[in-house]
Structure formats: C-alpha cells, structure tokens
Amino acid sequence: MLEVRFHGRGGQGAVTSCELLSSAIIEEGRYAQGFASFGPERRGAPVLAFVRSGQEGLKLREQVYQPDIVVVLDPTLLRIIDVTSGLKENGWLILNTKKVFHEVKPKIHPGIQLAVVDATTISRQILHAPIVSASILGALIRATAIVELKSLEQPMLRRFGTMLARRNQEALMQTYWSTAIS
Amino acid sequence: MQNALKDFEKFDPQHLPLFEPLAQGHRACQGCGEVLALRLAAKALGREMIVVSATGCMEIISSAYPQTAWRVPWLHVAFENSAAVAGGVDAALHIMKEKGKIARDDIPILVVAGDGGTADIGLQALSGALERGHNFIYLCLDNEAYMNTGIQRSSSTPYGAMTTTSPPGKLSIGENHFKKDLPAIAVAHKIPYVATVSPAFYLDLMNKVRKASLIKGPAYIHAFSPCPTGWRHAGRYAVKMARLAVQTRVFPLYEVIDGKYILNRKTPKPKPVAEYLKLQKRFAHLTDGDIEIIQEHVNKEYERILKLSEEVDLETKFTSTFQQHIDRLKQQMDEAYQKMREEIVHH
Amino acid sequence: MPEKVEKRAIVGWRNLVPGCAILEPGNSTQLLTGTWRLQRPVIDAELCNLCGLCWVYCPDMAMTKTAEGRYEPDLNYCKGCAICAEECPKNAITMVEEEE
Amino acid sequence: MSTRMPIEVSIAVSKAVQQADVDVIAAYPITPQTHIVENLSGLVANGELEAAFINVESEHSAISTVIGAAAAGASTFTATSSQGLALMHEILFIASSLRLPIVMVVANRALSGPISIWNDHSDIMAERDIGWIQVFCETGQEAYDAIFHAFRVVRDPTVQLPMIVNVDGFNLTHVIEPVFLFEPEEIKDYLPEHRQALRLDIEHPITMGPVGVPEVYTEAKKQVEEALLNSKQVVMAAWQEFGQRFGRSYAPVEAYRADDAEVLLVTMGVISRTAMTAVDRFREAGKAVGLVRFRLWRPFPRAEFQEAVRHARILAVIDRHISLGALSGPVCLEVRAALFNLPDHPQVFGFVLGLGGRDVTVDDFCDIVERAERYATAGPEGDYTLIGLREV
C-alpha cells in the first residue's frame, strides 16, 4: 500500500492532481482510491487530497494518516502548515517552489527525501496560467516513479480535453526533467 | 395576443357539454359553491384530461375509498405539492411521447387546490412549477379559509372575516389582514395566462378554462368559491354570493394574457359591499366603520385592476388611431400618385 | 345500495388494487346523496321556460333533462340546497319540506 | 465487454442511471449528492440521455415531481442527502403507498443539527418505516451495480415499490476508484422495459391516491408491507442473475471470515471495508473475529441475518446514527429484536461511531472488538457505547 497526500489551496488543483494520479494508477491496471478532505473550504483556503494505492479491492476506507509521499502545490503553505506531519520515515516531500534545492533542504527533516521543482513558472510559461495540478506530478513521478508518465495521458485527456491536455503534457515533461532530487 | 386564442371558439350556451367528469354522489356540502366551480371547470375540459388534486375539501369529497367521483384519471399525493406533482405528469407525458412510449401528450392537466394549498403551504411548489413553465391549468378554488379542517384562517381569508382561528374579540376584529393577492403573484411569474372566475358567471368560467387549455405553458385560474358552511350563509345563496362578489367589486373578473390585463366585467355602478357582507355571518360582527374600511380597500383594488386594463385599452386605442392615420396617409399618397399618372398620361 | 357500498369497503388486503387505486370511473354514483336532503325542489312546468340555469348551477349534477325536454331533479342525488330555486329566473322552483 | 475505468463513484452512478433508460429525473442540489445530478443534467443537455431533467425548487418537489411522473408511467430517478431526504419525509410514505417504481440514491450525510455536510447514516435511519426497499453499498463498483439492480427490481410487476440505494456521502460518492462499466448491449437484457399497468391514462381513467377510510387503511398498509416483504425474493433473484451474468454476486447479508467467528462485527456501508482490515488483524493474531454486513436493510433480512450470526458468541453492532433517547442505535435495536426470541442467541452490544464525518478507522474496530469481549464478561458500560467521544 502506498499513500500520497496533496497540500494545496482551494482552486489551485490539488483535487485535480489527486484525480489525475489515482486515475493513472488505475489506468496501469492497479488499484487506487482518490479522495479529498471535504469541507467548507473555499477558493484560497488550504485543502488536502489523498491517493491510496494497493492491491485490488483494498479493504481500507479510512483517511490517510501516515502518507508515504506528501506533495505541496503551494510553497506558502509551508509557513502555516506542518506539511510533513505523519510523513513516514524516509518518505518523500515533493515541493513546488521557486527556491532552489539547497535553499530548502536544510529546513527539512533529514529523514525525509526531498524533490523540488518550480512548477508554477513552468505552468505560467506553457499554460499561461499558474495551474500546477498536472505539472507537479512530473516532479512526483521523477522522484518516486509512482506511475509511468504515459499513464497520465488518458486521464489528462479526459480532464482537460485535447488542447489543454497537450499543453499540460508539455509542462509535465518539463517539470519531470527540471526536478531536483535528494 | 396569444396565437392559440386567435380563433377562440366560445362555449355555446345552448349546447353546453353534457359529459360530467365529476360524477354524482360526491360528498360536498349542500350548496357548495366550490364543487360547482370545480364541476364547471372540469366540464369545460371534458373527457380528455388528467386531474392532479391537492389535499382539501374537493379531494376528500370526491375520492373516499372505495368510491370515486372522477371519470377522468385523477391523482392525489399530498397537500402542498400538487403543482410539483403536475409538473412531473407533464414532463412524463412529453418525454414518453418523444420516446415513442405513449401516443399522445396533448392532454390538459388540471391541478386542483384550495386557497390554503395554494396561497400558504403550496406557494413554493406553485412558484417553482410556474417558473419552469409546465403545461398545466392550476385551478385555485378560493373559499377563503381552511374549510376542510374546520374553517381556520388562511392568507386568503378576507379582512374582518371570522374564522375559528381568527375569532373577533375584545382586541380583534377577526382576520386583521387583507387577503393575499394570488393572481398578482401568478402574474409576476410572467406566465401566459392568469384569470379570475366566479361560478355565477359560468360561461365566463368555462371559456377561461378552455382558453387556459389552449395556451401552451402554465395557466393560473383563481376561482371564487362560496362556502355556505364556512361563510355561514344559506346554501341556496352560494351562486348569489358568487354573483354579488363580482357586482360589488369584491372579486373582479379579469384575465391577464401575456401580462396584459383585461377587466372582463366592468361594474360602473357597483352595489355596496355591505350588501355582500351582510348575507354572511362570518362578517356579522363588523361595524359600519369596519365595513367602510373594506369598501375603501375594495374600491382601491378594483381601480388598480381597471387602471391596468385601461393601459391595455389605451395601447389598443393608440394602435388603432395610428393605423387610421397611416391608412389616411396611404390614401393621400395613392391619390397623389394617381394624379401624377394622369398628368403623365395627359402629357 | 348503502349495503353494497359497505361490502366493497371492507375488502381484504389481498383483494386490494395496488395503491388502493379505484378502477371504476365515477362509481360514486353508488352513493345516493339524496338521502341528505331535508327539502326537495318542485318545478312548476307552467312557469318553467327551459332556460336550464337550474341544471347549470346544481353543484350535485342532480338536475336532469327528461326525454320530453323538461328539467327534473334527480332525487337520488339532490341534496336539497335550493340553489336551483334561488337562481330560477322565473321563480318556477319551490322547495318543499321532505317531511310533508 | 465492460471496461475498467478510473471514475468518481458519483459519475459511475449517473452513468448507470443513463444506461437504465430513465425518462424523468427531478432533483434539487444538496451536498454530497450534487455530482450525481450535475452529471445527469450534462448527459441530458448533450443528448446522451433522452430524459426530462427537472430542476425543482426543493427536495419536497423533487420527490413530488417523480411521483407525478411515475404515476403517468415514466421511469424515474432522483437523488438526495440529509436535510433533503428529511424534507421529502412525508412524501416518501406516499410514494410506496401509491406503489410507484421510483429509484433514488441517497448520498448518506448527517442530519442537522448542528449542520454537518459529512457522512453518517442519520438521514436514512430516520426513514426506516417509509416502505421503500433499501440497500447499502461499500464500493464504487457496488454502487454502480446497485443502480441496475434497483431499476430491475422496481420494474418487476410483482414489486411496484420505490427503492433507495444508499451510497455513503463523500467517503464513497466522491472517491475516484476503478469501476467496470458496462457496454449498453451488455446490460440491456438484464434490465426489463419499464411497463406500468396502473397509471394516469385517459383510455382507462383510474383514481390514484383516494382517501383511506378506516375500513381500508389497515388493509392498505398491510398490502404495502406484504409487497415489501415479498420484494426480498425479487431482490435476491435479481442479484443472483447479476452474479451469473457478470460474476459479481450480492446477498442480503454478507459475511467476511465469519464462519467460525466468536465475535462478529455487524456493519453496513463503506466502513465495512475498513472493518475487514481489523478482522484480518485479529485473525493474524489468532483470534476468531469476523464481520457481517447488511446489504439489504429494508425489508429487514431476518432469516439471512439469523443464519449468519447463529454460531457467534458476541455481536458488536455498529450504528452510524444516534437514536436519541432510545436503548441503542436503530441497527442494534433491530438486531436485538431479530434474535431475542431465539434460544441461545449471541450477546449483542451496540456501538455508535462515525457521526457527522468523524473518520472510522481500523483502530476503532479493534477497540470495539476488545470492548465487546470485555462487556461479555464484565457487563456493558451502558445501553450502548459511543466510540471516540471526548469527555473534556
């Protein structure tokens, strides 16, 4: 079993990331659950989304308490939330930030593996919008190989339509290659 | 004007339909004005219709198991939802016709509800159904209180009336609000047809129901429905009450077609409201001063409807004057042209 | 007739139509509401001009037209409300106490 | 062949409704039912579902509208949650009394107050007596399958009753997971055509919903109850055929490692999956713990339940609804009633948890099993136990 927690802000696409990732896992013939932490949060408020993968028909429907991977879509969340809370020893923190790896690394618990990417700038350049729901997954995949990159094609096509899916694919490739890893 | 009403054929008073959708043996009170209004409305629609009934007197008196007074398909669900139920029937007929599951969807749906089921508890469902534009005829049978439960006041109970929950007392005149203006609420939904009817004016009533059935979309008909039991007058006076209400301007008969008011029966010399009030014991406690207040209110309301319908008259007048003017101009031009031609020929 | 009604009403649950639907249209004619009547309308054929308003205004559909074209109350259903008498433009209808 | 798709459960549910040749859908938005009806309205708007989608002004009108449509002979669907279901309350009884084949999904959510948008079963537990067939689902696949099953059951001429498919709000409705979706031709033969003998029809004018005089009211109620009880046969036969055709089998009461279990957890809905992991833990530790779940809740599957728990020593019955002032949650009450007159019945202890979205964990179930064993020897701590309650 592998559990991923996404941190974002309402409207930023954490739930979309969760949808794309869980769908990609399922596309690969594996089992996954994708779900958000539902609440009255509106645009801008911190939100959580989860992906749990495991054997077919996984007998577990509780929330994710000890994720293997934490993905942070918005670096400003680091100031207000302990994003690594519950993160397993040796787990991954995937961070979208303009800062470079060495600026961030010292602030992170040494038992955590870190991947850093400036997905916002990449998305701005390619999508003309700071939407990182898909592009952040490039970093996640580079770091953890949780799914194959091509497994995201169909989910992105369904989610974004042909035009936007192509651009997101491009952003995804760019984040994949520009991710800095521990 | 509605296209559907272009060649409107009125009922022939000599040959009214004989078929009674509502059968003998119903259990309405002696001299019930409400069941008379319902009978006439149903008669106007005939054999081919579906009736959706709210809970109320008319439901109770016509459907006590194992007898039904209905010779047409009839459905009762609850008190406050008849408009929503009818909306479902309407939607079902159309989609099933479209999908080839049934042969016809041009069957009028008559929704029957009392004033409580319309003005109070059913107002939301009615508003929703009117807004959605369902094709039905909503007939509100207004007997101005909850008669089925024992004459409790509704928001359609008139000012000064005594009911079992608006009793006159040391501190009260009885019902101390003027009745809710339901036709105006229906009009505010911008539906194609709204009308008021009185069973005393039976041809007017039947013609309006027929019009409502011809027009596509929701129609709202507000029927004055004297209740000898609740209003405490002799049963024999039910039709007389229905007539007096119009003659005294208490209940003006009008239509609103596509938002345009038409006052069907002008009463330039109205009878005093006292003549209408004095026959009903529910108003027996009123003083001359109270009656004066009612008279003023009645005058004001009538004037309002009259004014609204005169605006239409003015518009019609303007249109016809304008047309005459154009016709005259045309004629002058024709004459001038003729003259020119003659001159050319002459040359 | 009232006996027949009673029998139908106490039908067992196994014989009930689903939803208690009543399949016989207008079977309320089994209910003879004329039994409610305290006074009955009597039409003076001499005065009657056959205008039919008594038929129009009867809330109980209890005024009928005979084969000869006259109006007559159907006493099976007439509840004796006297609207016909009140509305008759020729005053051709009088109400007579049932007891007399 | 069906396709395994990653899909949000609400969308899967709406796709099932689309494939069931429904005629009229009326709905009013309420969280967490919304995704189901949003998607259905989209299918209608795009011509992918030939149905009337009516945006009514309340849940009361939603159920009233589908009743009107069903009375006219249409195949109907609606969905709601929580307050919406409560607002429908009075009309729900009338729908079954009129014997109308309506299918409704309830995206289970707590009832106010205080207002809560999150999952529990208090909405549906307030509607136990409405005369509708009621089933619960544990996974997206089950929710998808349950829609076809429901349309199949209500269209059976011997049933003529409405049916509720309970899908836990958010915890199931909003989860993306793999679901095998049918091709239209695959499911076509499973679903009978919607044909209704008694309907509003000018050729055969009938009176529907007459006044139930004292001479007939009792018989009318008995008739609906008998239809509801008899519907179990149709419900089971339809599940059986589903299993034969598609390889996924369902039963009124389902067991997990329950055969030789001394302690049985009794659950319904999505938390049953989590309970399975707790059972696995106990089994690994060598303890005979099992799980029994209600799939069919109405009619109450008495015989199947009695059989399923016959050999157990202790039952720990889970309610996700607090029945204020009662002796326990409603599921536990009914379980006790079902066993009371049996000789040598197991001891029954009631537990309430997972109210208003409080997460239900594997640890909670382990705690419950341990408590139940303790209560069996030392006696319970009260009429029932509220799990996870903070005292101060």
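Observations, loosely collected:
Read from first to last, the chains carry the letters A, B, C and D; within each, the first residue is number 1.
Assume a contact is a pair of C-beta atoms (placed from the backbone, for glycine too) under 8 Å apart; a residue touches a chain by one contact, two chains touch by 3 or more.
A quick note: this is a predicted structure, and the numbers were derived from the prediction, not measured.
With respect to chain D, maximal separation of chain centres occurs for C (centres as means of Cα atoms). Each chain gets one centre point, the mean of its Cα atoms, and the points for chain A and chain D are 35 Å apart.
Work out the mean CA point of chain B and of chain D, and you get 45 Å between them. For the pair chain A and chain B, the distance between C-alpha centroids works out to 63 Å. Averaged C-alpha coordinates put the centre of chain C at 51 Å from the centre of chain D.
Chain contacts: chain D has residues 98, 204-210, 212-213, 215-216 touching two or more partner chains.
Within chain B, the positions touching two or more other chains are listed as 63, 65-66, 68, 70-72. Inter-chain contacts occur between A-D, B-C, B-D, C-D.
In the complex of the two chains, the chain D residues touching chain A come out as 4-6, 8, 32, 117-118, 139, 170-172, 174-178, 270-271, 273-274, 276-277, 280, 357, 359-362.
Only residues 9-14, 16-23, 25 of chain C touch chain D when the two sit together in their complex.
Those residues of chain C that touch chain B in the shared complex are 5, 8-9, 11, 20, 22, 24-33, 36-37, 52, 56-62, 74, 76-77, 79-83, 85-87.
Of all the residues in chain B, the ones that touch chain D in their complex are 47-50, 52, 59-60, 63-66, 68, 70-78, 80-81, 84-96, 98-99, 101-102, 107, 124-125, 127-129, 131-132. Across the complex, chain C is touched by residues 16, 20, 22-28, 30-33, 35-36, 39-40, 62-63, 65-72, 199, 202, 228, 234-240 of chain B.
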